[in-house]
Each structure stands twice: as structure tokens, then as C-alpha cells.
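Both complexes below contain chain A, partnered by chain B and then by chain C.
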Partner chain A sequence: MMRHAADVPAGSGRPSPNGLVADTSAGLSMRGVTAGYYSHDLVLNNVSLLARPGKVTVLLGPNGSGKSTALRILYGLLRPRSGQVLLDGREITAVPPHRRLALGMALLPQGRSVFPELTVQENLEIGGWLLMRDRRRLSAALEAIYARYPLLKEWRQKQAGSLSGGQQRLVEIGRMMMASPRVILIDEPSVGLAPVIVDQVYEEIARLKEEQRTILLVDQNVRAAVALADYVYTLEYGRNNLEGERGAFEDRLEALIKSWLRF
Partner chain B sequence: MSSALLERVATGARWRSWLYRGLGAAAAVGLLALLGVLIPLDWVTTLSSVFMYIMLAEGWNILGGYAGYLNFGMVTFFGVGAYTAGVLCTQYNVHPLLTIPLAGSVATVVALLVGVPALRLRGVYFAILTLIISFLTQVLVTNLGITGGASGIYMPALPFDAFTNEQIFYYAFLFLMVLTVLLAFLIEHARFGYALVAIREDEDPAEILGVRTTWLKTQALLLGACIAGIAGAIYAFHTSYIEPQGTFSLDISIDVVLMSLVGGLGTWQGPVIGVPLMLVTAQVLRILAGELPFLGTALPPEFDRVVFGVILILVALLAPSGVMGLVRRVRGRRLTV
Partner chain C sequence: MLTTISLSLLVQALINGLLLGLVYTLISLGLSLTLGIMGVVNVAHSTLIMLGSYLALELLQRLGLDPIISAVVAVPVFFLIGVLLERLLISRVARTSQTTGLLVLFGVLVVIEGAAILRWTTDTQVLTVSYTNASLTLDGIAIAVPRLIAAVIALALVVLLDTFLRSTLYGKAIRAMAQNRDAARISGIDTDRLSLLVFGLATATAGIGGVVLAMIFPFDPQDHYRWLAWAFLVVVIGGLGSIRNTLLAGLLIGLIETVSSILFPFQYVYFIVYLLLVVALLVRGQGLAGSQSRAL
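And then the complex of A and B:
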């Protein structure tokens, strides 16, 4: 069923500020978040989202609708002016990014983010920063990543900057998985990659989904993202717009995209 | 062939190459130690100065080279170290040897006070703030009573003849330089070093991955400041007279940056190459120029700056990543072909 943010459902459950029912005691959520970068503009206006545990939640919207800002808020890179971020019912709005890994969260940032002058292995070791004081657990984590992505083992002595864009993406994914996060935020995973590589990236996200990890995916590649989604949110002008299960969205995709292209 | 065997062969080769490198380094240090008794006085002084600048440049390199935070105020910590030694020794009768670790500690505390606010800034804002703080310290030291103001502090002299004195400082600087270079080498090959490089290359993903970037940068600054403080204390005893204009001179900060740049930023070898390249070249040219009849004997002290400028221009044209960048490029070519 697809709902509009304006339809306030009458029924049981705790209503979120914009009126939608959401049980925020599990998964990652934001409630009534208002945020912006300068005093005179609002990028997010009273937005509420919930990434359900073990599901893929996709956040869609036209350019400038506030998708990436929502991710920044969820990971603590930006503080909201009002509203809360909750992880499994616990408020984490003010927890700084470097402490979120310990809570089981991880963020795969948009664009290239490998450290080009470090080798692949050194990149991975930084991903295991939390295990810094425990050499044995670090090397176990490293071995697990090499077992999971055998290509990385082949490249481990190479400088990350000498790899192709797709290969660097794999390093970034491997680096993120060093901490084996439960909740994964992914920002535009396919930007700037060759179509063949894009398919591999979505296959990897599908694998993370099979492993019951909670995933929040922000994407412009609407068709691929919705194919993976369990639940979809759309933003428009920094407000909650439509939301619903995947089935409700699949047949309306074209109309939705067309409506975004109008402006 | 099994991969385990391959791995063992590779490990053996790596051990051997480490052994050779260790022996090479030990031989170089042994040679320098021997030079201390063989060469004439003016060269002992020049080399002492080279060792001191290598200490400063290695200390600067931890934050400036690996993490890419340009600190133009390294002289602050150097000067604080020198003045700590001076004040404690002349006014509180602390034993000179004890003032050296104390100088390192005081410089570290100053770095903490400076670093906590400064390291919240990035890029050029950080660089400007370090510059301001170094001027601020200079003004403060010039106007405080305890530091002797503009007239400075006369340090107690060692009870030996001039040559023995120089040799003592030569070996002191040599010893501390070896320790500093060793520290830089260890940092470069530890995860602390990787994390600093990660901060230089892209600070946000590093933070996303759980690296406490601000704390790491602070640690890098503190380490460098401690080294500079210790170097400053020994410098104070070496020159036997310290005053604010010379001890807190902007030239020292700039030279440390230039020498690291010429050698190659973010490599432990960079300062080891860059410092002697610039200081020894300046010294040799000064001797040569002194012998030329038309230049006369009275070369102005600004002569060094001309030489440094020429070297910097040459490096910028021919080896933009410093001498080490050149070495790495050649080595990379040999490995890939």
C-alpha cells in the first residue's frame, strides 16, 4: 500500500510527527528532523524515516530534495536543528561519526573515498580502526574480508589509487565491512561506474540484504534500487512525500520519475 | 609450488632486505659518529645544525607531511623549549640535563593548548592560525619579566674548551636525531601513520571509518612539539645566549617546512635528505664564494636565503614531490617494467 504523508491514518501505534505510523524501537530512524546548512534555508523540513531491521529501505527523490542531507544526519555528520535520530529505540542524535561504528553503523560515502596513496591492505586496516588495540582480531577481520572478496587479497600490496573506479569501489565496500556493521547507509552506490560494475555493486548489496543487515540506500538509479527495496520513501522539497512497500511503487515508477523531471 | 612455500621464500627475502637496511643505517650512524672526531670545528658546527634541523623537520613532518596540516609555527615549540631550559637553569638552578626533558614536556603542554582549538580548523585556516600563534608567543616572551625580555638569557657554558664543547653538542644532536628518525620510521609503518595519511588524503571518510581524526592530529602535533622542545633546549645551551628575535624567528619555521618539502613530504627519508641538501649546499657555497676575489669575504647572512630560494625553485621545477618523490618514481618504473 502506498501512502501519502498527508493521509493521517487513524489506528493504533504511535504517530510520528508527520502523522505516519512507525515503530521506531528497532532499526534506524529519524523523527521530525529539520535541518539545513545556513540559517536562511531548510534542506529537510520535519522529515521522518525508518530503516526497518534486516530490510532494504530506499530513499528516492529528485535532485536537491535532501536525500544526502538525510544520510548525513543519520550518520551524525550534520546535527539537526530539531528532531531525533534513533537506533533501536535509543537516541543517538549527538553521537559523533567516529563513535557510530562501535554502535554497528557504517556509511559508504558517495564518489571515490579510498585513500589513494595507501595500499589496499592499509586501506582495509583503517576500516578496522576499532580493533586497533587487538592485533589478533584485526588480522582475523582482515582474513575474513579476504575470504569474502578474494580479489582484494590479490591487490593487497597495490596502491589503492592505481586501481580502476570499480576496483576502488570494491576496496571501499571491503573497508566498510571490516567492522561488520549491522546497519549500513549507502549513498549513490553506482555514480561514475561502468554499467557492468554497477551490476556487481547491486549484487553485493543484495548479498548484504541476504545476510539480514539493515540497509538504507539513497539512489538516483531508481529502477535498480527499487528492485532491491523492501520499503521505499520519497522526498520532495525536503519533505516526506510518498512511502510504501516495494509492490506499490514498481508500477508507478515511470510516472514518478516523469513528475520529477518536470522541475 | 605451494603458496605456503612461496610465502616463506618471500618472507625470507623480506627479512634479508630488512637486515641489509638495518646494517646500512647502523653503518651510516657509525660513520657520522666517527666524523665527530675527524672533521674541523666549522664542519662539526654545520653538522650539529644539520642534525638539529633533521629533528625539527622530522617532528614537523608527523603532522605536516603525513597528515597534510601545514604548521608554520614550529618555532613556537622550539622557542618554548629553549626558554624553558633557560629560565629553569638560570633562575631556578635546575640541573641542565634535567631541563631538557622538562623543556620537551612544557612544549608538549603548549602544543596541547594550541592544538585543541587550532586542529578544529582545516587547510589554510590552520596554517594561518599557527603563524599567528608563533608571533603571539614571540611578543609574549619579549614582554615578560621572567624571560628577561628583549635582552634575553645568558646560558651557563660547559667547562671545556671550544672544540670539546662543539663535539659534545654534535653527539647530543646526533643521538637525538637518530632517535627521532627511528620514531618517524616506526610511525610511517604503523597504523598511526596510515591513519595520518588517510587524514591528508580525505579526512571525512577517515572519520566515517571510526578514526578519531582530531585526537590523532593532536597526538601528531604533540609528538612534533615535544621533539622541537627538546631540540630547543639543547640549542639554548649550544648557542649560550637566547633572545626572542632569534629564538622565535619565523625563519626557523619556514626553513623546517622548506627542508621537508625539498626532501619529500610524508616520508621519513625526506628530512634526512632535504636538510643536509640545503644546509650543506649553503655552507659549501659560502666557502666557495668567500674564495672568489670579486665577492669578497663579507657575505651577508641573507646569503642562505638566496641559496634556499634557488634550491626550492629547482625542486619545484624538477621534482615537485621532493627528492623522495623522484626516488619513488624511478623505483616504481624499475619495478613495473
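And then the complex of A and C:
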């Protein structure tokens, strides 16, 4: 069942449509977040979201609906003007991004984000920055990543900037996984990649899901994202629009995408 | 016709050029670091160099400290000055426009220069120590001992800094920050604290640079603009690619200066060096902003 945000009283801790109580003390959530880059222009207007523990939550919406801004707020790259961000019930709104890995969070940003003039191995080491005082744990984490993504081991001496877009995406994923995060925010994972690579990226996200990690996925690739989703939110004009379990969305995808084309 | 005299003159010029080039590299390192890593055009850089020269003077006059020791003392002193500058001024304006930062640092330049004139007057100073006029002579080629010492200190710093940036995790984090600040932050790096470290290091190299310059050149509170120009020249020619490129550019400028000074009258040397700056800017075509994108 899918419901419209207008049917639901604002705030969270409310019963979810399938009768289960949405437990706001677990997972990553934002409550009543209002945000914008300029004073006269709100990008997000009283938005509430919850990424349920161990589930894939997908955030959809047309261009400019505020999806990426929501991720930036959830990761502390942008401060909301009002509202809160909570991780497992603890308020983390003001925790700066560099301290979020230690909380078990990670962000896979949109577009290229490798350090191009560092080698693949150095990129991974930066991902293990939190372990810098513990050489042994750092090298253990590195070995674990090489075991998980054997290709990275092959490329470890190459400059990250010399790799193809798809290869760089793998480096970015490997770098993020160095800290073995529980809660992963992913922003437009397939933008600018060849279709064959895109499939691999979604396979990787599926693996993260199998590993019971909490995932919040922002995506323009609606079909692929919904296929992975447990729960879906849509934003429109910076406000909560629809939300519901995957099943409720699968039938309506066509209509949803069409309605967004007018934006 | 190449007589033995002119040949030895040339060799002399080459050696002097290399020694001078190492010193030019040292005084440019800080500028290259702050611009390449933080995107800050530190026009006050040369006043920090000048303060380094006066630190050496004060330590010599008050405590009789040799400038070699002053170069070591300069490290913590100037690191602290850099950290304070970053914390109190630069971190506040760095997130605004680059022009704001430029103006603020120009203000710092004016304040430091004014304070230096009040404290030390505009008189030209020289550091005189036991080896000031000493030289090593080999096959008719004389190497001034102060220049040799200055060059050795400069080389040691270049090697240290290069090793630090390449081989330590902190160095790699600094390079990562230069290449993608947001990605560094989400990887757990506290970029604000690392900026303090970078600015502290850059200022420390300026301080040592000042000590080293004082060993070989007279100085006063107002002649630092020359070093600012030289440092910008090294940065423009070497780009912000790496410490090694800065070294190559520094050596090149040192060599051009000394070799052109045996070929042309002294007053043309500056003309030639500035011509080189124009050519470098035209060839690179992107100026300082362009070199910024090739950060470390």
C-alpha cells in the first residue's frame, strides 16, 4: 500500500501504512527538515524520512526535488535550518562529516570522487583514515577489501585518475567499505557509467543489502532502484510526496516516471 | 672563443645558480602548498620570510645564536604563527571568495611590514658570523660557505617535505584533501585541522627561508616584494604538481639568474626573470588559477 504524505500527520514515530510501527529509534532518519542554500529559497520543506535498519530505502523524485540535498543533510555536509537527523535515536544533526564514519555511516557521493593522483592503494588507505593509529588493523582492512574486490588488488599501484569511470567507481566503493559501515548513503550510483558497469554497481548494492547493511539510495534510475528497494519515498518540490513498500510502487512506476517528465 | 677563465666563470655561475635555486625553492614551497592545497593566494608570504630574517638577526644579536640554529628555532615559532593566522583569519574567509582572502592577506602584509618598520626601522641589515666571508676554493672555483649552508638547509627541507607528503599517511591525506576536499571529509579526514597543519608547515618553510636568505643577502622590512615575485615565478613555472616540480623551477630560476648575470649587465637580470614570468603565464595559459587544478 502506498500513501500520500498529505494523508499522514507531520512528524515521525507514526504508524506505518502496513500496520507495523515505524521504530524511529533504529536506523537513520530525518525529522521535519527544512533546508536551503539561500534565504528565500527552500530546497527541502519539512521533510521526514527513515532508512530502516538492514533495509534498502530508496528516495526518488524528479530533478530538483531535493534528493541530493536530503543526502547532504543526512551526512552533515549541509546543516538544516530546522529539523533533526537521528541515528538509532541519537541526534547527529550537527556531527561534522568527518566524524560520521566513526558512527558507522558512509556516503558514496555522486560522480567521480577518487583522489586521482593517489594510487588505488593510497585511495583505500585514505578510506581507512580512522585506523591510521593502528597499522595492523589498517592492513587487515586493506586485505579484506582486496579479498572482497580482487580487481582492486591488481590495480593497487595504478594512479586512480588513470582508471576508467567504472573502475574508479569500484575504487570509490572499496574506499567506502574500508570502514565497513553499517549505514550507507548512496547518491546516484549509475550516473555517467556504461550500462554494463551500471549492472555491476547494482549487483554490489544488492550484496550490501544481503549483508544486512542499512542503505539509503537516491537514484534517477528508478527501475533499478525500486527493484532493490524495501521501502520507497518520493519527493516533489522539496516536500514528502508518496511513500510505501516496494510492491506498492512497482505497478505505478510507469505513471510515476511519466508524471515526472513534466518537470 | 671559450677561454679557461670564461669556462671557470660559467662553472662558477652554474654552481651559484644551483645553490641559489635551492634557496628559491625553499622560499616558494609555502606559497605552492597554500595555493595548491587550500586555494589560498598568500600574498603575505614574503613578509613571513622577512620576519624569519629578523628572527635570525635578533637571535644572533641577543643570544649570539648561529643562523643554522635559528633555522631550527624558526620551525616551531613560524609553525605557530601559521596556525594562528589560519585559525584567526584564513579559516574565516577561506569559504567565501578568493578575493576576500587575498585582501585579508594583503592586510596582513601591510600590518607585518608596518610593525617590522616600527621595530627594526628601514635600515638595511646584514648577518655577520664567523663564516660570512669564508669560501671553499677548488680549481679556481670559489663557493661561498654561507650559500653552501643555505642550500644544504633548503635541500634538506625539500627532501623532508617531499618524503612527508609522499610516504606518510598524513601526507597522503593532505594530498587527498588537495585533490578532492569533500571526498576527504567523507573519508573521515578533519580537513579544517589538516588545513591548520598545512598552513603551519607552509609558514615554517617561509620562516626558515627568511633565516637562510639572511645568511646570504642583506635585508630590510620592505625589500620582501622581490621574494614574493620570485616565489610566484617559481610556482607559476613549476605549477602545483609536486614539490619536485617546485624544485626544478627553483633551480631553473637560480640558474637563469646567475648565468644571465655573467652574460648581461646586472640590471637586465630582473628584466629577464620577469620576461620569463610573462612567457610562463602565456605558455601555461591558465595562470595561477590553472595551476591550482593540478593540485599535488
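Of note:
Quick note on the criterion: the second predicted complex is superposed on the first by the 249 of 263 C-alpha atoms of A that agree within 3 Å, B and C clash if a C-alpha of one lies under 4 Å from a C-alpha of the other, contacts with A are read in each partner's own complex, and residues count from 1 in each chain.
Assume contacts are C-beta pairs under 8 Å (C-beta built on N, C-alpha and C of every residue); 3 or more make two chains touch, one makes a residue touch a chain.
Remember, it's a predicted structure, so these values are computed and weren't measured experimentally.
When both complexes are overlaid on chain A, chain B and chain C end up clashing with each other. By the document's definition of touching, both partners, chain B and chain C, reach A:Ala179. By the touch criterion defined above, A:Ile126 reaches both chain B and chain C. Touch criterion met: A:Leu118 reaches chain B and chain C at once.
In the superposed model, A:Tyr231 lies in contact with neither chain B nor chain C. With both structures placed on the common chain, the touch criterion links A:Phe249 to neither chain B nor chain C. When the shared chain is aligned, chain B and chain C each come close enough to touch A:Ala102.
Shared interface residues of chain A, touching chain B in one complex and chain C in the other, are 75, 77, 97-102, 106-107, 109, 113, 115-118, 122, 125-127, 129-130, 132, 175, 179.
By the touch rule above, chain A contacts chain C in their complex via residues 75, 77, 96-102, 106-107, 109, 113-118, 122-123, 125-127, 129-130, 132, 175, 179. Those residues of chain A that touch chain B in the complex are listed here as 75, 77, 97-102, 106-107, 109, 113, 115-118, 122, 125-127, 129-130, 132, 175-176, 179. Interface of chain B with chain A (complex): residues 191, 194-195, 197-198, 201-202, 204-213. Listing the residues of chain C that touch chain A in their complex gives 169, 172-173, 175-176, 179-180, 182-191, 296.
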